[in-house]
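Letters A, B, C and D name the chains as they come in the text, with residue numbers starting at 1 for each one.
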Amino acid sequence: MNDDLTVPELQRRLAEFAAARNWQPFHTPKNLASALSVEAGELLEIFQWLTPEQAATVMTDPDTAHRVRDEVADVLAYLLQLCTVLEVDPLRALAEKIERNESRFPAA
Amino acid sequence: MNDDLTVPELQRRLAEFAAARNWQPFHTPKNLASALSVEAGELLEIFQWLTPEQAATVMTDPDTAHRVRDEVADVLAYLLQLCTVLEVDPLRALAEKIERNESRFPAA
Amino acid sequence: MNDDLTVPELQRRLAEFAAARNWQPFHTPKNLASALSVEAGELLEIFQWLTPEQAATVMTDPDTAHRVRDEVADVLAYLLQLCTVLEVDPLRALAEKIERNESRFPAA
Amino acid sequence: MNDDLTVPELQRRLAEFAAARNWQPFHTPKNLASALSVEAGELLEIFQWLTPEQAATVMTDPDTAHRVRDEVADVLAYLLQLCTVLEVDPLRALAEKIERNESRFPAA
């Protein structure tokens, strides 16, 4: 496995994966934003009937832990692909948001 | 601005931000998965009434571009915080998912 | 206020409302399904940071109660408009689903 | 099949179904709002990769038409159950919202 685990490298691999399957025509911003929302729902589905206590120990069951990692990957995959097509740098966007929130919600 | 834009560094800054405001009790897996889904909906909202053509040029309007980056940041923030509390490595989870998908959907 | 509160009558009023504003071109199945999902997220947002106990008493605060009714209305509005354009009878669809679930999950 | 297809009658049948399976403890407002959002995502999933033209003819395929009716039923089921536990009248909430929107968006 390629162990260069950075966001730009994963974006490159996702783009290559889609191109090899001729999936780019489907990867419009609107479709990717829909798919991101659908996958976020599938991640939430794992937790929907659990008490807060049950939800906190969800990773102790290997099958559920696998399902969580799988849905996290799907959410991240669509978020990164959306950022690629819109030319948004997701890590910079987050760093700037944290800075804005530091002004907006001053620490006590 | 701190320019170390890596996922672990952003996770550290998000954790520090939440700790300084005593927000950790709210950051249960179930609440973070809900917030992630809500923010994915807010990102989709930008595109919901647009034609595919309009959606493709959404970043040419500065206000909409700012809104897109802001919602991308919110989705990523909750995804990374969920990964922190569940001890999931998001980039590794995605790399493993891409490998599984390469077997599942062989390129033509 | 027109007090004929039935699903077909509300569907008729929603269609009339959209037609009077020339909004029908936006009301494609895909856009309405997106809007439904976005509004379901806005309804969930009300509950996302609440404990189960806090969530149970959400209607005792008049402002929150108004917000809940407002978001319930939005979800139902998009669901009914989607059913109109797809020619799905929502109450019949639900009755049939309950019957299928009665076979699928026999009561103890 | 019981052909009394009204919202209050379907709410009664949903409550009876849940009670017969001892599912009421799971049916907190927060869980039901999560489930509603998850099901809205499953409905959106049907449309996510379709062009507007393909989405418009989705009911001509019997399997997809069945899936649409099934997901519409799930969304409506959780919306009605949420309304039951919160004591919200969904049809009245929608009628009142339409009236507010008539003032907010005057027809041309």
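Convention: a contact is a pair of C-beta atoms (placed from the backbone, for glycine too) under 8 Å apart; a residue touches a chain by one contact, two chains touch by 3 or more.
Just so it is clear, the structure is predicted and the values come from calculations on it, not from any experiment.
Student: Please state whether A-B or A-D has more C-beta contact pairs across its interface.
Tutor: A-B
Student: Mind checking chain B against chain C and telling me if their interface is mostly the same residue numbers on each side, over half, or mostly different?
Tutor: same
Student: Find the geometric centre of each of chain A and chain B from their Cα atoms only, then give the gap between the two centres in Å, rounded to an integer.
Tutor: Computed value for the inter-centroid distance: 5 Å.
Student: Quick one: chain A and chain D, Cα centre-to-centre, how many Å?
Tutor: 27
Student: Which residues belonging to chain B are in contact with no fewer than two other chains?
Tutor: Chain B, residues with two or more chain partners: 34, 37-38, 40-41, 44, 47, 52.
Student: Where on chain B is chain C touching in the complex?
Tutor: Touching chain C: residues 26, 31, 34-35, 37-38, 40-42, 44-45, 47-49 of chain B.
Student: Contact residues on chain B for chain D in the complex?
Tutor: These residues of chain B touch chain D: 34, 37-38, 41, 51-52.
Student: What residues on chain B touch chain A, complex-wise?
Tutor: 1-2, 5-7, 10, 13-14, 17, 20-22, 28-30, 33-34, 36-37, 40-41, 43-44, 46-47, 50, 52, 55-56, 58-59, 68-70, 72-77, 79-80, 82-83, 86-99, 101-102, 105, 107-108
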